[in-house]
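Sharing a structure here in structure tokens format.
Just so it is clear, A, B and C label the chains in written order, and each chain counts residues from 1 on its own.
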Amino acid sequence: MTHQEEKNIPISKGSETVRKTRGPGMWRLAWQRFKRNKTGVFGLVLVLIVLFFAMVGPWISPYEPNDQSAMLEFRSKSPPTWKNLLGTDRMGYDVASRVIYGARTALFVGLGSMVVAAVFGILMGGLSGFTGGMADELLMRFTEFFLVIPVFVVILVMVRIFGIVVVGTVLERIPHLNLIAIIVILGVFGWPPIARIARAEFLRLKEMEFVEAARCLGAGTLNIIFRHILPNALPSLVVIIALGVGQSILLEAMISFLGFGDPKSVSWGQLLYFNYEHLKISPWASIAPGMAIFITVLGFNLLADGMTDAFNPRLKE
Amino acid sequence: MAHHNQQSQALLDVSGLKIHFFTGAGVVQAIDGVEFGLESGETLGLVGESGSGKTISSLALLKLVPRPGKILGGHIRFENDDLIDKSEAEMIRIRGKRIAMIFQNPAFSLNPIYTIGQQLGEIMMWHEKINRGEANDRVTEMLNLVGITDPASRLKQFPHELSGGMKQRVCIARALLCKPLLVLADEPTTNLDVTIQAQILELLSDLKTRFNMAMILVTHDLGVVANMADRITVMYAGRICETATAERIFNNPQHPYTRALLSTIPRVDKSYTNIQSKRLTVVPGRIPNLIHPPTGCRFHPRCVEANGECSRTQPELKTVEEGHVVSCLKR
Amino acid sequence: MGILRFIIRRLIFMVFLILGVTIMIFFMINAIGDPIDILMAERPGITQEVIDNIKSYYHLDRSLTEQYTLWLWNVVQLDFGTSIIYNQPVGSMLVNWGWETVKIQVPSILISLLLAILFASIASTRQYTKTDFGVMGTALLGRSMPGFFTGILLILIFSYWLGIFPSYGAYSTRSPLMGSLLLDSLWHMTLPVMMLAYFNTATLTLLIRSSMVDVLRQDFIIAARASGLPNRRVVYGHALKNAIIPALTYLAILFGLMLGTAPVTETVFTWPGLGFLYITAIQQLDYPVIMGITLIITLMLVLANLFTDIAYVFIDPRIRLE
């Protein structure tokens, strides 16, 4: 988005300086404050660890994710050994390898669903806050509806129904179809918090002096939204999106844990689903993916906390 | 020092008070050797810019310095007892009962979820060991005294149902419930409408005479204390600049800071129509960072009279005339 | 008078909400085509009797809108239809299984609220001490801990290693604990309640602590201290009540979260509640049960919201309804 912004500069210099003063400086200051926040940095480190495993997973993973050779050697449900650092599960998979590959799926789910949610949420909330009036009232009621209903329960039905609908259609040939469906559904149900923040920020910012200034200098509506309001609304949005990534990963894990996940995907929730019944015999196969989910969710939550403090220094002392 | 001679009669005598705040960024030397005092029935104006330590000083009299602040030294003699030596259990018998405080912002200094009757009654019952009914009667009486109409029905109202001026009257009533010997009024009119400010000041003045209380009026506005205070203490950056009778402060100020403050008061009589003074003058410069306070006299970076000596030697309080002390190397 | 109008307005919103959710689920289920066909395809062994039952309850020959209206009309008369799998009236199933869900959720939320108030007041009055960091750290971890992972750890520790609490079910299959049904029930409830309470306590503690810290800094608290009130009265009488208000709104959200994720909780502990029933119902496409549970969960959630809204009005006098 920044690249496009740089290309079309129909706005006069005056507003440019106004924007700049709140632009990059704001992020640099926030980063300086963030660095001093120990829990925030801890969260960032956790997120980076997950990111690291997601990126280099195939090169450091001791086995292929679908390697069930341990089963053939009668070593399924083996406790951690030098050969299988985190043990093997009941299907003969190497737990460590599956957990490493799971990081990729988890981030794919978290980021993917948040892209969907952010597009919806910012569009809805932004429109609502920017236009106000009747449209605002309607959109807010709609958002409230989604905030109050038991979303997880509805998602479960949707995932299951989708699984039935696609049977025998062309769609079935798309790889990881079920996972993609889950991502889209999580995104579709994940937009309301983002919309609420976007609305509040748009409401606040459209009255600000620098926006007035830009308007007086003849900037168009789209221009004001993309060059003046959105960049300034980003800090709050980034925080809520970071929280959302963690929540989506957790939700996918819960969906998979209940057996509604994508059986073909290597995800932590799937791992739990396959091994939970054998918790007593092979606890490592459940603890490892559980721990991975915990660390990831914790990372994103702490990161979001740290960012909140960094962006709003007034809140803390 | 002048007022030390009258120590036997003094109601309050603060000396060598030292308060530091231990923050993450460093130790803030907020109060550094402050002294002031007053006699029964007297009004002392404690004047300074925000950040000069006047509010902290008044909270210190109740030993309520907020964390991470700590009283490191000094004495607070009140009725010949040193409050510094008092335990928390002893202090709660003094707060509200013998020394009471009125706060700056009436909108925030009443608990929003209790009625006026509940919160004022609680204090009355706690200090006077009386029951709810008696407490209500005494509260009603006091609300009447502070000029609240229909006090009995106000007891059942919540703070948000009252106007700003009304709330401040309730706060004054709260402070006076147990007829304290000393009232600390921290900027009692700053957050009120101009029309109400005068009413509140008049009320305070009346009640003070009526109950024969002493009062410390904390303010940044010399105009407020002009008519109210018997004596005035001027503070700057956690230290005392000058103490004298109100009359002498206005007519014969000695400390350069006091003079600077006086010049910021808008005057209708003098040259207000003059184009150059259309902008109200302010004392140039800012209150210094008290983590690394200026050496010597803390005012020297902003002082028009300062020389090299001022940045090296810390001035002592010295008496220039009976009852008029000033801390400036040039006097 | 305001309070009544307020409640009526909330009730109207509730009705729309319940209609919205059930319509959504109803049309979603029907979007996959004729339920009978799918049932036959997925469960070949299905009996004619069951098919007739569904047909007569759902009036499958009518249009979708009519079908939904008829379902709604039946529900209003407290007739929820018959479960396809269990061949029992859904209404009584909802009561029986619902009770098990309520049995672990209500105690856990009450325990959490009490513990959170306790921890938050301890932590906030000892801000930046080791106690505070300890409470905060545990709470920060608890807030990010996935429920099922907490459950797994609890089972491993308390059932498998220490062997003091059962890992599944709501009742002993053979003889109850010490011959008492009540004790047996409490014994089985312990771990699920602990699992739910950990997350809720953590979330509420963080929330109440942060608002306590804010409130304790407010002028009216300093004013209360300056009036000579002892610390205990200031903290518990003046600060805490103000600090709890935001937590109350959150209570409904937490309750909703708990109800919504009941399928997970109850799967972890094989707990015979609505969530567990829901999973089986979705897997087996037991339409009457899916519709019934969705309705009940939404209703409970909406009632919890209404309850907190009303509690809010009574606790915070600043809220004016009109």
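Note that contacts are C-beta pairs under 8 Å (C-beta built on N, C-alpha and C of every residue); 3 or more make two chains touch, one makes a residue touch a chain.
All of these numbers come straight from a predicted model, not from anything done at the bench.
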{"item": "For chain B, the least number of touch steps when starting out from chain A", "value": "2"}
{"item": "Chain whose mean Cα position lies farthest from chain A", "value": "B"}
{"item": "Euclidean distance of C-alpha centroids - chain B vs chain C, Å", "value": "53"}
{"item": "Computed distance of Cα centres, chain C from chain A, in Å", "value": "25"}
{"item": "Residues of chain C defined as touching chain A within the complex", "value": "16-17, 20-21, 24-25, 28-29, 31-32, 38, 140-141, 143-146, 148-149, 152-153, 155-156, 160, 256, 259-261, 263-264, 267-268, 278-279, 282-283, 285, 290, 293-294, 297-298, 301-302, 305"}
{"item": "Residues of chain C touching chain B in the complex", "value": "127, 217-220, 222-231, 233, 237-238, 241-242, 245, 315-318"}
{"item": "For the chain A and chain C complex, residues of the former touching the latter", "value": "39, 145, 148-154, 156-158, 160-161, 164-165, 246, 250, 253-254, 257-260, 272, 276, 279-280, 283, 286-287, 290-291, 293-294, 297-298, 301-302, 305"}
{"item": "Of all residues in chain B, those that touch chain C in their complex", "value": "59, 62, 64, 66-67, 88, 92-97, 100-101, 103-105, 108-115, 119, 122-123, 126-127, 158, 160, 171, 174-175"}
